[in-house]
Amino acid sequence: MRKELRIAGFGGQGVITIGLLIAKAVGQYGEQDVVQTQSYGPEARGGACKTEIVVSDSTIDYIKVLNLDTLVAMSQPAFNTYCKDLPADGELLIDDTLVKDIPEKYTNVRKIPVTAIAEKELGFRVVANVVMFGAIAKVSGVATPEACKQALEDTFPAKVIKKNFKAFDMGYNYDFNAAGALS
Amino acid sequence: MRKELRIAGFGGQGVITIGLLIAKAVGQYGEQDVVQTQSYGPEARGGACKTEIVVSDSTIDYIKVLNLDTLVAMSQPAFNTYCKDLPADGELLIDDTLVKDIPEKYTNVRKIPVTAIAEKELGFRVVANVVMFGAIAKVSGVATPEACKQALEDTFPAKVIKKNFKAFDMGYNYDFNAAGALS
Amino acid sequence: MNPLAEKYLRKEALPTIFCPGCGHGSVLNATIRMIDKIGIEDFLFVSGIGCSSWLPVFIKADVIHSLHGRSIAVATGLKLARPEKKIVVFNGDGDCLAIGGNHLIHAARRNLDITVVTLNNYIYGMTGGQMSPGTPTGGKTKTSPYGNNEKPFDAVTLAIGAGATFVARETAASPVKITKTLTKAVAHNGFSFVEVMSQCPTQAGRNIFGKAAPSDLFNILKENAVSKKGAELTSSQFRTGVLHHDEKKTAFRTVNELLKTEA
Amino acid sequence: MNPLAEKYLRKEALPTIFCPGCGHGSVLNATIRMIDKIGIEDFLFVSGIGCSSWLPVFIKADVIHSLHGRSIAVATGLKLARPEKKIVVFNGDGDCLAIGGNHLIHAARRNLDITVVTLNNYIYGMTGGQMSPGTPTGGKTKTSPYGNNEKPFDAVTLAIGAGATFVARETAASPVKITKTLTKAVAHNGFSFVEVMSQCPTQAGRNIFGKAAPSDLFNILKENAVSKKGAELTSSQFRTGVLHHDEKKTAFRTVNELLKTEA
Amino acid sequence: MWKIDKDQCKGCELCIAVCKNEALKPGKERNSKGYLVPEHISKICISCMMCDLICPDMAITVTREKEKCEKS
Amino acid sequence: MWKIDKDQCKGCELCIAVCKNEALKPGKERNSKGYLVPEHISKICISCMMCDLICPDMAITVTREKEKCEKS
Amino acid sequence: MNMQTRPKAIVIQGNQACVEGALLAGCTFFAGYPITPATEVAEVMAEKMPNTNAVFIQMEDELASMNALIGASWGGAKAMTATSGPGYSLMQEAIGYAAITETPCVIINVMRGGPSTGQPTMTSQQDVYQAKYGSHGDYEPIVLVPSSAQEALDLTIRAFNLSEKYLVPVSVLTDEVVGHTRERVVIPDAPDVYNRIAPPEGIDYKPFKGVDELGGVPYRGGFGEGHNICVDGQTHDGIGMRIGHLMEPSGNLVKRIMDKINNNIDDISDYELKCTEDAEVIVLSYGSTARVALRSVIDAREKGIKAGLIKLKTLFPFPDEMIREETNKAVRILVPECNAGKICNEVQRVVNIEVESLPKFGGAMHVPAEILSAIERS
Amino acid sequence: MNMQTRPKAIVIQGNQACVEGALLAGCTFFAGYPITPATEVAEVMAEKMPNTNAVFIQMEDELASMNALIGASWGGAKAMTATSGPGYSLMQEAIGYAAITETPCVIINVMRGGPSTGQPTMTSQQDVYQAKYGSHGDYEPIVLVPSSAQEALDLTIRAFNLSEKYLVPVSVLTDEVVGHTRERVVIPDAPDVYNRIAPPEGIDYKPFKGVDELGGVPYRGGFGEGHNICVDGQTHDGIGMRIGHLMEPSGNLVKRIMDKINNNIDDISDYELKCTEDAEVIVLSYGSTARVALRSVIDAREKGIKAGLIKLKTLFPFPDEMIREETNKAVRILVPECNAGKICNEVQRVVNIEVESLPKFGGAMHVPAEILSAIERS
């Protein structure tokens, strides 16, 4: 079983870090093979930026996206640029603080205002990506929350780890239904 | 008809210049094709040094010596180093001021003391090579004296040309028999 | 857009690739004011590779955006082919002082009549923040994570030591001075070298100075610029202004010209 | 053979490739006297390509006869791998100042603890007498048949400008001074640069100075060497002696060493 | 006269830093590229041109009668 | 004591040039490589070592009791 | 992969995997110059080396870097650098010097789109022939081509081992995709490490004389051990003295440094075969493209096409014999590569049927469907 | 040669012949750095150029020389340099830049024995693949190989013409033998000279857009003529703006700069055939070796062996088709070359019978007897 995720946003949102965290959770602390790639180059200066993660229970040969399963969009322009190959019934996870405009054809949309959550409930806008990481873990099921937390510990300095755990939990435990996000 | 000459001596004797002069006399002012090569490199620093000239009435393909016709030796070590592929009946022309020791097997040896002639009769040791040039022209017949003089004019500045003509003539007109040089 | 930008910049290349608040942009701004004074028809531009080397690409003129480190060598050929033109080279502390050092000192030795403008931002910006011969000792960069163990060049001293006849330094925080100094440099008959200390918020800012706000870095430049002659310098300070100007040494002339003059 | 030659030279490589009366031979002579004082076990040698770069090949020691222009870069790697050794580089005005200029100025900037001995014979000897950054303006060579239209480097000024901490100049005509100066240079902790003006009878002699006798060229060197401090110089003269010595600037240290010291 | 081409602005705020008269302040409005464009307070602007000269993206145009030079 | 290894000599005559005592003079005899080896006049030699120090081919060996330095 | 018992792994980029491999192989010296997309190799080295007994230095350029490797290698270090196309071009002169002086060292080239500045942030496999022919003169370098982060680690170790064994510069050609992709990498506990072999005591040691028992490779004594080694880029005899003007011994030297590689192809070669036994269509590929090719071959097999894959991990010396044997029953041979078609020429040289080149321009990888449709077309 | 009516000639070295050719072709800029055995090219240039309107400069190294050519070429000059192996290696990065920016320039490489310092005073043909593959990335250089002083002159003129016509760096690979041998050279009165074609008035000029009528080559406007040309080594669009991050247009640029050469092979190729019509044994050779081969073929014919010679004067682009056609009746193909065997691989790639390589090591030329005995052996 091969699962393909793409996370897109703008430079500075920590999009690549999400990719890195997922890759570690899956490959280093989880049970499957994983490959993480990223767009690199001029795009990295402002503008849209993205990372792609392929997860599989067998060894991954082709590393790039073939059939996109999940798109995570953290900004409107990023969504517009990178939604093209997501099928209408593909899984779409958005930060609805910043992504407002989703064509109707998508039938499988989940919304979580990670930027708002980070700013308001956690007091640090920078952890929005970790909130999203939690949400992705939950929605995609590619890694256990334990593996995800190990990935967080491996990535961030000890002094900020608690805050990140909290952010992760807020995403992981987010109630999409309660928020009426499942369209 | 292909004719192959080799001129050998030590650095500073103007051996390469003889090669150049013959090549010009033949190729630039004469009637045949010509190719001149030279040993180049560490040997050029002191030690033995040589030039080879191939003359032919048809276009020359292979430029190096195949069957040496004439060896001109201007020093004993140069003779020793470069005599190897001269057949016993090959034409051997030596400066007998400096080359004293010629194995008996050579049957076709001509001797001309060009260094002595240059020093004593012309007063300039440096023109010994031009004396030899004259002798070669005569003995080998590869170029007319007129062509040789044009080559001299093309090579040396006008102010020293007379001296060189004279040196050339001394070589060209040298009476090998009179000197009892033909062994 | 500013009417000067309108007039002198290549619209299809805008916005510049420079990050927000990059000092290189201010130098571009100051440069086109110099060009405006002199007349753009007089110029040809050359640069190397690096953020700084993108500068002339935005100018509506003939430009060679050459190889990393080779801008001055390319400019040498261009100058000899087009002696009537003013050749201005833009490059960075990496391009000019690291990989390109040999061409710098030789153009200086020859006293070739070109102008080299080196934007020293203390770092390799383009490749993501590695140490350069402009990085201060102790400066943390991606390839000096424990602090730079090397000493930086004093580019001005180096250029003078190599034989440059017009040597100046300014900062990206003083655009009017840049315009003036560049005008003088371009007018100088011989090799002119202008080092412009420039802020790189993205790389040098974050890594070396621990500050990402352009204005903070801009203030650091101002604080470190010492234009008063003979003033004592702290280790982070540098002199600014025209620091060497020798009009007597003749500029490079080809053998052809020399033979003509003699004849 | 001289007993020192017997002891320190590689017999299978003799005679040297140097032409009769080449100054490089006298420098070799003076060098082994320096080695004799200090102990040959302490040394590793590196050179580039050129007649001058053949010098260490004749010494019975471990030697890298490297590529044209790259001797100092090779020496940098060697020094870092073998910090306990004294690394002495020999090269020529072409090898060090033309193609190798960038490595010279960077080793000087780093204040790397090696010694570079540049034999400046005003010309490219090995390739048969072309102009070099050591050729005086007006000097006739095979590639400047109408006289050199360029200005030579002052290698001493260049090295100082780049950050070298021990800079000296001697001539091949003063072997005792060479031995002494090399001894000091090798003892210096940091980058030491010694330019030795050397006669090249075969190429520079004939082409530039119109003289082929070694002793004539040797006398020219003596006449042009000015050891008196502050004395005025004619255009062909140069200063000799230890011209710059800064013992305060710390020598290059690897990050490893710095971290150890801090810990 | 002070003019800004909002879409050229990258929100670096260097103009704000050089304005000695505090005639510029951090903006709240984002341009098409998402940058916050500074706000200009015309009445205190003395048309000194510093912002025009420093802007790395040449987004600002200041027009005035007489040229004046940088003091710093 | 003054010694020369004739076969190392390249006949450059630098030794002659540095000998302030004229204890060396151009030779007439050629060595195996064809170079003219200088002649030494022992009785005027003061063993100053200059020739030994300058010889590019280290052909000369001067031995003496006390070391003395170059003056030039 | 059995996911239950799989070994412990970390998720890292190929560039970092090269560093891990190098340090495991005993690398003690790194000299480099930043360049996209290879810079992370230097960056990770700069972070890791100072805490070991290994030295990191950023040189003034790539010429200096490669030449510093030579100095360090003779100083006894195991030396490595990392670069991309433009820097690799600048290193070529010194790579030739390393070849003729038999100086072990490892060069990582993280390939990007060329020519020239080209496409600095995009992938390519355009430098494969440069790796073999980039320096002037006759020489025989070893070139390895990893296709994943794991192989980046494994082949970097192998590069050091081969370099030490054959006293030759070894290039590891990764690419932007291998270099920047994060993947699971298993760090071996104690991989086999090969070190240059010191001369046995008491022999008449000649540092540049091939030794039969070592496959024509010399013993390698260290500097400062009294060998008085003279390292020279000119042709030289067994003790390092120049012989550039002598034809036969010069020819023998050049022949020996080529033969020591070509006579040991079986030891140096490394490749993987997938379903080649009965394959009618053989895809030959290497590096990151080989993973795309593998997918296409699997897809083709699923469609019932007898496809097979030869994946080269050692690109040079080129395994002529192996390819001849493995393809002798094939009716078609396809060579997909991220360049205008280069290794297809090597294959064509070796086999008799017409080789089909599947070039790829523009800095992108093939997609599996492209190769699959080429397999299907017949 | 009819000795009676033969044209007036001078006797000069091949190195000088390159200079004569260059000046006849309109060379106005020379930048170089001395190196054996190419130095005479610079020396003669230094003597001759100052009396014309052409500029000579000795640069600080070969990197600088090649880059100065690029500047001068865009400044409107016809630019040339001359070097040998080590310098040629250093020039490779800039040669790639010239390729992607379509900068006309001519590089003379007087080949000597390699690798590295190798055999500075001896001949070789070891750099033939470097001339094609020495720079990183995909590009398609033109490489000419004269075999005599006369051809050194003729092919240097041709190099300038092809360079101007196809806007591409052209290498002329001579060797120590061609460079230093003095021979009769006929100086043509007014050879055909081709100059880069300026954009016609009034068109929407794009300096880097291929023009169909020019075989995919762009027009080339000059600097200072108001075109505002931006020359960039990154992949770029028709007006020179960077597109390194865009796959398709980048790929199209690289394809175009290769196609403009490969689609015009017939125009670029140059070769001579001797007795190939009925030949059973074909000797394919180039450069100075081709003259030895010619002698051997003539000798073989005299012995009644049906031998023939293909002598290449354009080495790259390689004339696949011509060789296939000319050898299709041959039973044996021999490729003598002064290297370990390089062009034999190109020939093998093209033909189906097994190609016999006659390598030559050590800096010497073949002797005719060697090739003859190879022809005789069967």
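By written order: A, B, C, D, E, F, G and H. Residues from 1 in each chain.
Simple rule for what comes next: a contact is a pair of C-beta atoms (placed from the backbone, for glycine too) under 8 Å apart; a residue touches a chain by one contact, two chains touch by 3 or more.
Note that the structure is a prediction, hence the values are computed from the model and not measured.
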Steps in the shortest chain-to-chain touch route ending at chain H and beginning at chain E: 2
Furthest chain, CA centroid comparison against chain D: A
Contact-richer chain pair [C-H vs C-E]: C-H
Chain of greatest Cα-centre distance to chain E: B
Rounded Å distance, chain A centre to chain B centre (Cα mean): 88
Computed distance of Cα centres, chain H from chain B, in Å: 36
Rounded Å distance between chain F and chain G, as computed from the means of their C-alpha atoms: 57
Whole-Å separation of chain centres (CA-atom averages), chain A against chain E: 38
Residues within chain E bordering two or more other chains: 10, 33
Shared-contact residues (touching 2 or more other chains) in chain A: 41-42, 46
Contacts with two or more other chains, residues of chain H listed in rising order: 46, 50, 56, 60-61, 63, 86, 93, 97, 116-117, 120-122, 232-234, 244-245
Residue ranges of chain A touching chain G (in the complex, touch as defined): 19-20, 23-24, 26-28, 31-38, 40-42, 57-64, 66
Residue ranges of chain D touching chain H (in the complex, touch as defined): 49, 67-69, 98-99, 101, 124, 126-128, 130-131, 133, 142-146
List of chain C residues in touch with chain E within their complex: 1-5, 9, 14-16, 18-26, 28-30, 33, 173-177, 201, 213-215, 218-219, 222
Footprint of chain D on chain G - complex, ascending: 28-29, 31, 46, 49-51, 53-57, 59-61, 63-65, 67-77, 79, 93-94, 97, 223-224, 227-234, 239, 241-242
Touch list for chain G against partner chain A, complex: 1, 3-4, 9-11, 37, 120-122, 176-177, 180-184, 288, 291-292, 294-295, 298, 365, 367-368
